[in-house]
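So, here come the structures, one by one.
Two complexes, one shared chain (chain A), two partners (chain B, chain C).
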Partner chain A sequence: MESARQSEPLLTATIFVPLVAALGFALLPGTSDDSRRRITTMRIAATLLAAIPLILMVVAWLRFDGTGQFELLESTRWIPTLGVGYKVGIDGVSLPLAAMTALLFVASIAYPVDFGGRAPRYLALMLFLESASLGVFLALDMFLFYVFWDLSLVGMFFLIGAWGHDGAQRSALKFFLYTLAGSLALLLGIIGIYLKTDPRTFDIPTIIEQGVLPAGGAYSTLVFLGMFLGFAIKTPMVPFHTWLPPAHVDAPAPASAILAGVLLKMGTYGFFRFLMQMLPGTFERFAPALGVLAVISIIYGALVALAQTNLKRLVAYTSVNHMGYVILGLAAAGWAVTGEERAQAIALTGAVVEMVAHGLITGALFLISGSVLTRARTYEIDALGGLAGRSPALTGTTAVAAFASLGLPGLAGFVAEFQIFAGTLSIQPWLAGVGLLGIVLTAALFLRMLQKVFLGALPDRWREWTDLSPAETVPLAALLAMVLVIGVIPFWLLDVIDSTATAFTGP
Partner chain B sequence: MSQQEMSREMTASLGDIVPELILLGGGIAILLYALFAPRRAQVGAALLALAISVAAATATIAMLDGGQTLTFFDTYSTDDVALWSKLIILVATIAVIALSVPWFIRDPRHGEYYMLLLFSSLGAALLAGASDLMEIVMAIVLSSATGYILVAYHRRSKLASEAAIKYFLISALTSSSMLIGVALLFGLAGTTTLSGLRDGLPDDAAALVVGAALIVAALAFKMGCLPAHAWMPDVAQGAPAPVAAFVTTVPKVGGLVALARLVSVLPDTVGWRPLVALLAAATMTLGNLAALWQEDVRRLLGWSAVSQTGYALMALAALGRSGLAIPSLMYFLLAYVVANIAAFGVVVELRGRTDRASYAGLARAHPLLAMSLVIAFLSLIGIPPLVGFGAKLALFTAAIEADYGWLAIVAAANTVVSIFYYARVMAPAYFDDATAPVPVLGRWAASATYVLTATIIVAGIAAEPVLESLRGALLLPR
Partner chain C sequence: MTLWLLILLPISAGAVAILVTRLAQAVAVGTLASTAMLGAWAAAAQTTSVVSWGPQLELTISATGFARVMVVLVPMIAIPIVLYTAATETIGRVRLVALLTAFVGAMELLVVANDLFTLLIGWELVGAFSWILIAHETDEAANAQKASHAFITTRVGDLGLYVAAGVAFASTGSFAFSDIADSSPTQLQVVAGGILLAAAAKSAQVPFSPWLFSAMVGPTPVSALLHSSTMVAAGAYLLIRLAPQLDSVTWFAPIVIAIGLTSALAGGVVAAVHRHPKRLLAASTTAQYGLMFVAIGAGSTVAAAAQLVTHAAFKSLLFLTAGTAMHAADSDDLGGMRLGRRLPVIGAFAAIGALALAALPPLGAAWSKEQILGAAFESSPLLGVAVLVAALLSAFYAFRYWLLAFGPGSTEPGQTAPIEVTASIGFLASLSLGLAALWIPAVNEPAAHLTQGRVVPTRALELILGLASLAIAAGFVASLQRRARLAYGVLLPVVATAATEWFGIADASRRIVVGPVQAASRALAEFDDGVIDAGVRASARIASGLSRSLRRRSELSIDAIVNGIGGGTLLLATGTRVADDYGVDRTAEGIARGLGRAGELLRRLQTGLSHHYYVIVAAGLVALGGALAMGTS
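This part shows the complex of A and B:
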């Protein structure tokens, strides 16, 4: 049985099917004078191809045993001289993230967008980005991880620059510079760990198992700080977040959805996989600082979001706020306490659920803001109003997504935040207490946004406002259905995450 | 040793330098061909040069065996470092020949150009193998003297003449002072072979520092390292574009390897290691800062070539302290040469187009060329899985392992800076619309560029053979 599983390169196919599909689209001739029909056909084809990894992830989910170890491993030699191997596998953290990534890519690729006469290249880049993103979560070799990590930046750089609007080139460059600066700090950290392995290896399971870098000393602190910088920029944590708002605002809607839903998760995933699993001792020393930074992100993100008049900026800053919850949960899970293992496991599970929930919810919100832009040609909340009567589908999806984001019970955000705060409360009540303020603020800002955009009188200029088309409704419905499922029956997800969380914190 | 024995040993050693002999004989053959061939048949010299370079490369590959031999009375190395250098130099030469064919095709006397090209690569190849100070001098002179003519090949171009004069003046200054340096070291050790210097140099002598510094300056000139770097941007901008591709890459390979061999025999007490690290940091930083706001793409490539020399020097600072120092140097040289010539290949194919603004919309007009440019730039930045990434990773690792963590941090910061100027060319090429039609040169230059681009990807993923072959390589036999 075991060998039969090994013989199917399930995860490798998950990564490389979209890559091959991307190459195919890249080779298609340009379409500056294309018929709408051909474009639609291409989009449907790309959506179907993007769905293959999703199906494969479902298969992987069914085969996942939850042993607390890495499962479904596939590996081969690559650069043995340097200790580099090709190795992919899943555990209870990476599986949900990869599955969420696959789903969000299907929805984002299916979402109609102005291709600017370059449909094949746009679709090729999206599929390329899907491949790189899945690779980040599935890779179990630091070298391989870094390859996918950087490729995702390159893909996003071109997506924002070529299909963004307004100051897209500037935003794309800012995004590229900031996140690559973080990447290089991360790379130095990776090398720092690599140099302490014996024999030299980039293999993640081996490094976790051997605990190559015990806490204490300048060396391990520097390695930790280098990696922290890389992940904190990507997450982003205040004060490393300044690249995020312009990148989001100027990016095309599906790219924003991917940026918030998937790329930010790479940062928080890195916190867990690298800082917590590989450097647990150093993480314990820094957990209080991380907890404080997380709470600052929570409050700052919410306050700045509250002040926004631009719909997309508002959602962008709530991302900073939500990533703060994730880091708070992780800090609590890695805190230097004994006897609170169960609470720590709950906080860790909550943090991972928050990553998944935020991906789905914020992905949906960014797609919605794209629909608003195509109709209103603006993101200004004050220019909108009274749209509930004209567009029930838009109102409904936005309301569900907003309520999920502010943590309404019965939706995915609540499950996540409840667990994060439940876990944190028993470890650091003060941090949890201050962090809870963030939830109040997000509730206020989302309710105010819903009221301004959808209630009140309909301005004359929006008399001809059209509701969401089926091509927009279906992807949104798929994302929000998952939000609802996780909110109502979360156990299938919690059990998977808990298998790794418990293995990390101890029973 | 009697006269007879000496000549017998020299004849026996000829087998060690088959690639060099092929280049030498081939160069002479091309000269004769160019003299007698009619104008329309001058392009035959290019085909001849291609065949000769391929033959020399084949001979080089056949010699790769991990041996550590000195030959010609310890003056010349035929170790794997020398062979890999030769291979990189020959690959570069082959690519540059392909780029030159369409560029010079209308020049009525261009047959001899290929002779100069082959002699110049021979000079660089000799430099990479040189294990004797006099041998280094000979190689530098051969490589430079041909370089002046190549740079000034378009005699009527003011930019080219200016570049050639600058190149010549800096070269003359550094090469002549190098002779003084050689004399000083010879006086101290009583020999000019590197293996003799390793055993014979005193630990501390003012003459040793001065002599070594003068030789280092000449090698710094060859590779565009501070303080003898000033010719690089001018040559990149003013020389015929294929020559710029050649002169910014090929001599650098020879220069860096020769410098590595030289510093590895200097006593540690001279303080060469921190000096090399400082030169590395200064060179990469200056090159990057100067490239930042360049509006001229060729000049930008010139400054980027300076900064890349700085990265390569990291490997030298790690010599003897990290097992990765030599493999990372050679892998980096391969990565740099391929990517830099690919970038220049795009410039050549675009008929030397050099204004940054005129690259706008390239992705729509010529998607494959734009992609080549982007892949070359991303490799120069060090984005995986391109060849430049593995090279930088190896360099960073070697530097950190050699206790030069600060140098790795400086290099990482410089890499971030470099993203900015490379992106300033990539962004308009992809994100803007073309303002005017974009004429190109044709098949030869385009094919060479595409092959190099493919090499950037393949050599990045298949790094193992290069690194494996160089693992445990030495610069001199123990």
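This part shows the complex of A and C:
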């Protein structure tokens, strides 16, 4: 599974540059009477530092060959007695996710937010979280993966708890405990796999290659279910999703963007990397159940979102819906069929594109929610209205993001959803057919949101509503530009993903 | 690659027009004219262009078959409509001009698509543009709601295309139109069903028709474009392109006929009684597309294609005259218009449109009606008679519309229409006149070839029957006119009321589909908060209570509980036949310790001194890692 190519520590730098930057910011003294200028300077500095991993990911993208193996490997001995190594590398699934993560962090850090007089600590935490998140996607050692996985949890917990609003601490704790429970289940699963390796190793490529846990038997099933629980909570799949809405509603906007854009992807990424690649036989046995759960997530998430009156809760539940699409694509790709390799590769590629697209689109939608909150002091959709005339930039960006989310062609979501459905229709027509209803429901709920927030008569209380500032417009424009590029010319992305997808499904 | 300019040119011109406010109109018209010329080139050259999106996804476009006509028709009809917009629109004029121009690009993509995947892209883009166009006057909240009704109705139809594309791919490994027929018989039926669903929704056939009424809140030029060569046209266009591929599906043709005939008759009745000029025309759109469906089902794609083209010309013409009349009368009630003396030129142009709708030879629209009638009679005499009734209805509401809107009435002098309005309506009128060329075999035979169809020889019987129905309609209108009953229609009031509301279809769909979905959505939202999350909250309360009681107890009992948890986990681990008991034991203890710390954290957080205890979380994680390290050594 490994290509021999060695290079300078590109990926290691990607992970550790933001970590070092985070340390730097953590050491800065923070006073509550910080001048606006100092805060702006710090935010720009943090944005530039956060952009270094993005640049490195672009370089990695250019060097990526698409061999279907792990590439740009960097490894060193760490705890050899335990079989723990430091190993990072990329394939066609992790590279797009890591690149999307880097971009979303730049946009989120650049987004203006009320620092509550603790700007350096906030920025330090964001950079720390960037490091941990990139680590999750780039790690090729289960132990290392788990360390980054839990660190990301800690970072997010602090961000929500300390910079959130309303019931932030309660929500943060719910998020933390719920996903920590998932983490522990995952940990048991990891140990379960580890104990079956010989010689003992946490090395992901080796485990995938050796197929240490064939299907059948209680042991494999329990390991699978433990990991499944961990990833399903993180994703989140219905019925493990109730931590998500409160966490989103009370989190500061950039943390919400990261939570939806990056942290949820850790769950779906785990489905692929661990459950599908390491336990393909067991995954095949559970694929029908997963497919059904995915369709339930699609329909349930969309229906519950339709009833929401709170902008952020609405977007949060559409995440449940969209993650349902991802799991449906993954289930189809890992289904026990033969002769449908092309369709399975399409479904898998679609699922990965959906992860990237959802990260960018929902990231943008959550940042937008933050802008609404700073102006309106509420997320209640019914309290808004008629804003189109007052704020063309806010209206335009929201409309693009909403249409992207409901799967309009020309924007990234369609590229993902079409492939997921086209692929799944070959494997399980009924599941795909029911799941398709989701795209009508998302259309209904997003149009309703656009209509209630932006159209109609402008209420008197919003006469002084201000449009987006450049500091808000630029990050949003960057994310949505990417959504448009993927929507119109996605071949550069699809080729990369397909290299791993076809390696997984067979040509 | 030049072919892609058909799409990119109008879309980018739309973006440019927004920026160069003052030149928007010139940019738009110039672009549309260039697009039309480019379309003519594409139709002549018949080149194919393929863009690869990924290893399995390719977009193939070319102007072949009926697309060779449509690719020119779409921008050509749009030119006068954009001119009209620039001269008349008062709200967001530049935005509307820009959007109409960009919209043409989306429709061109739909037209030149050569596979189901590319088609779906154009198809959905056209739908989304329609939403923005219909909701154009955003101050009125109801407008957006109606625009959403239109978009969601047609998107239900779009699901059919998703299914058709996916199933065709599953069966043949390709999305190409030309490979559809190779699908396995069962899968071909699914493909046919999906395509029919999409086409019927887009072309506003029964039971999807009411979305066209909702779409009437859009400005007049939007209606003129949506109803003529775009949006609504997409459904019939798709069937004209793909019907030959679906030949072997036995139920396909009868169902297409059934849908079309129902729509033609129901739409005819609605148009016959409606007093709102634009809604009258909207209902007539459903009816005229119904006739195209009948033609397709009866095997005459050329009749449907000719009907599509002639309808595009006269319906855009009629909509623009309706807008002009509504503006001049400052009313949307046909009852009090009769603007013939105030707007004589517009009235004369409208007469051409009305006569085309009534299918008076030698207008081109009469040729297409005659072809449809011929194909229907060939298929079955009963169908022929039904089509004859539909044709009679068309003639009736065409005359009725014209007499009520532009019949001789008050002589008071009023403002005349601006020159741009007269010019754009005149252009469309001359297009309708020019289409009389369809009667010439040298024109209609190549047209038949384009649609892989054949011309039904003109028979005297059909011609006479058609003319007779026209005469009956004219006489009927004249008699109503004499009795001054024309505005009130002829049906029983109760039927007429039902017809003006589309026989309650919209209401029924609200009750049967929309209502239950909304109720389910609200119920599930409550279920989500009340039931699913309740379990989570309960465990949180238990943990919280546990943590409080732990605090009160001695260190010893904490150990006991932690060991208990560890032991429980150990049992579980043993159950899984884990060999390395010792390691798991220790690890589980570590996990339990972590859980204990989390419980501790919960309590401390509630005291509000949270930041102190972040350290504890971190420490707990280190402990976890440590336990793992020790436990597995």
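Definition applied: the second predicted complex is superposed on the first by the 501 of 507 C-alpha atoms of A that agree within 3 Å, B and C clash if a C-alpha of one lies under 4 Å from a C-alpha of the other, contacts with A are read in each partner's own complex, and residues count from 1 in each chain.
The rule we apply is simple: a contact is a pair of C-beta atoms (placed from the backbone, for glycine too) under 8 Å apart; a residue touches a chain by one contact, two chains touch by 3 or more.
Computed from a predicted model, the values in this text were never measured in an experiment.
Q: In the superposed arrangement, which partner chain does A:F158 touch: chain B (first), chain C (second), both, or neither?
A: In the superposition, A:F158 touches chain B and chain C alike.
Q: May I ask you to decide whether A:L184 touches chain B, chain C, both, or neither, giving the answer as first, second, both or neither?
A: Both: A:L184 reaches chain B and chain C.
Q: Contacts for A:W78 in the overlay, against chain B (first) and chain C (second): which applies, first, second, both or neither?
A: The first partner, chain B, only.
Q: After superposition on the shared chain, which partner residues are touched by A:D150: those of chain B (first), chain C (second), both, or neither?
A: In the superposition, A:D150 touches chain B and chain C alike.
Q: Determine, under the contact definition given at the top, whether A:A388 touches first (chain B), second (chain C), both, or neither.
A: Only chain C; A:A388 stays clear of chain B.
Q: Give one of first, second, both or neither to describe whether A:L450 is in contact with chain B, with chain C, with both, or with none.
A: second
Q: Determine, under the contact definition given at the top, whether A:L173 touches first (chain B), second (chain C), both, or neither.
A: both
Q: Looking at chain A, does chain B or chain C touch a larger number of its residues?
A: Result: the larger residue contact count on chain A belongs to C.
Q: Who does A:Y194 touch here: chain B (first), chain C (second), both, or neither?
A: A:Y194 sits against chain B and chain C alike.
Q: Under the contact definition given at the top, report the residues of chain A touching chain B in one complex and chain C in the other.
A: Common interface on chain A, chain B vs chain C: 79, 81-82, 143, 147, 150-151, 154, 157-158, 161-162, 169, 173, 176-177, 180, 184, 187-188, 191-192, 194-195, 222.
Q: If we count contacts the way the header does, which residues on chain B are in touch with chain A in the complex?
A: Its residues touching chain A are 327, 364, 367, 378, 381, 383-385, 389-390, 393-394, 396-397, 400-401, 405, 408-409, 412-413, 415-416, 419-420, 423, 427, 430-431, 463-464, 467-468, 471.
Q: Which residues of chain A touch chain B in their complex?
A: 30, 78-82, 143, 146-147, 150-151, 154, 157-158, 161-162, 168-169, 172-173, 176-177, 180-181, 184-185, 187-188, 191-192, 194-195, 222
Q: Inside the complex, what are the residues of chain C that reach chain A?
A: Touching chain A from chain C are residues 52-57, 117, 120-122, 124-125, 128, 131, 135, 138-141, 143-145, 147-148, 151-152, 155-156, 158-159, 162-163, 165-167, 169-170, 173, 190, 517-518, 520-522, 524-525, 528, 532-533, 536, 540, 543, 573, 575-580, 583-584, 587, 591, 594-595, 598, 601-602, 605, 608, 610-611, 614, 617-618, 621, 624-625, 628-629, 632-633.
Q: Which residues of chain A touch chain C once you look at their complex with the stated criterion?
A: Residue positions touching the partner: 79, 81-82, 143, 147, 150-151, 154, 157-158, 161-162, 169, 173-174, 176-178, 180, 184, 187-188, 191-192, 194-195, 200, 218-219, 222-223, 238-239, 242-243, 300, 303-304, 306-308, 342-343, 345-346, 349, 385-386, 388-389, 403, 407-410, 414-415, 418-419, 421-426, 429, 432-433, 436-437, 439-441, 443-444, 447-448, 450-451, 454-457, 489-491, 494-495, 498, 502.
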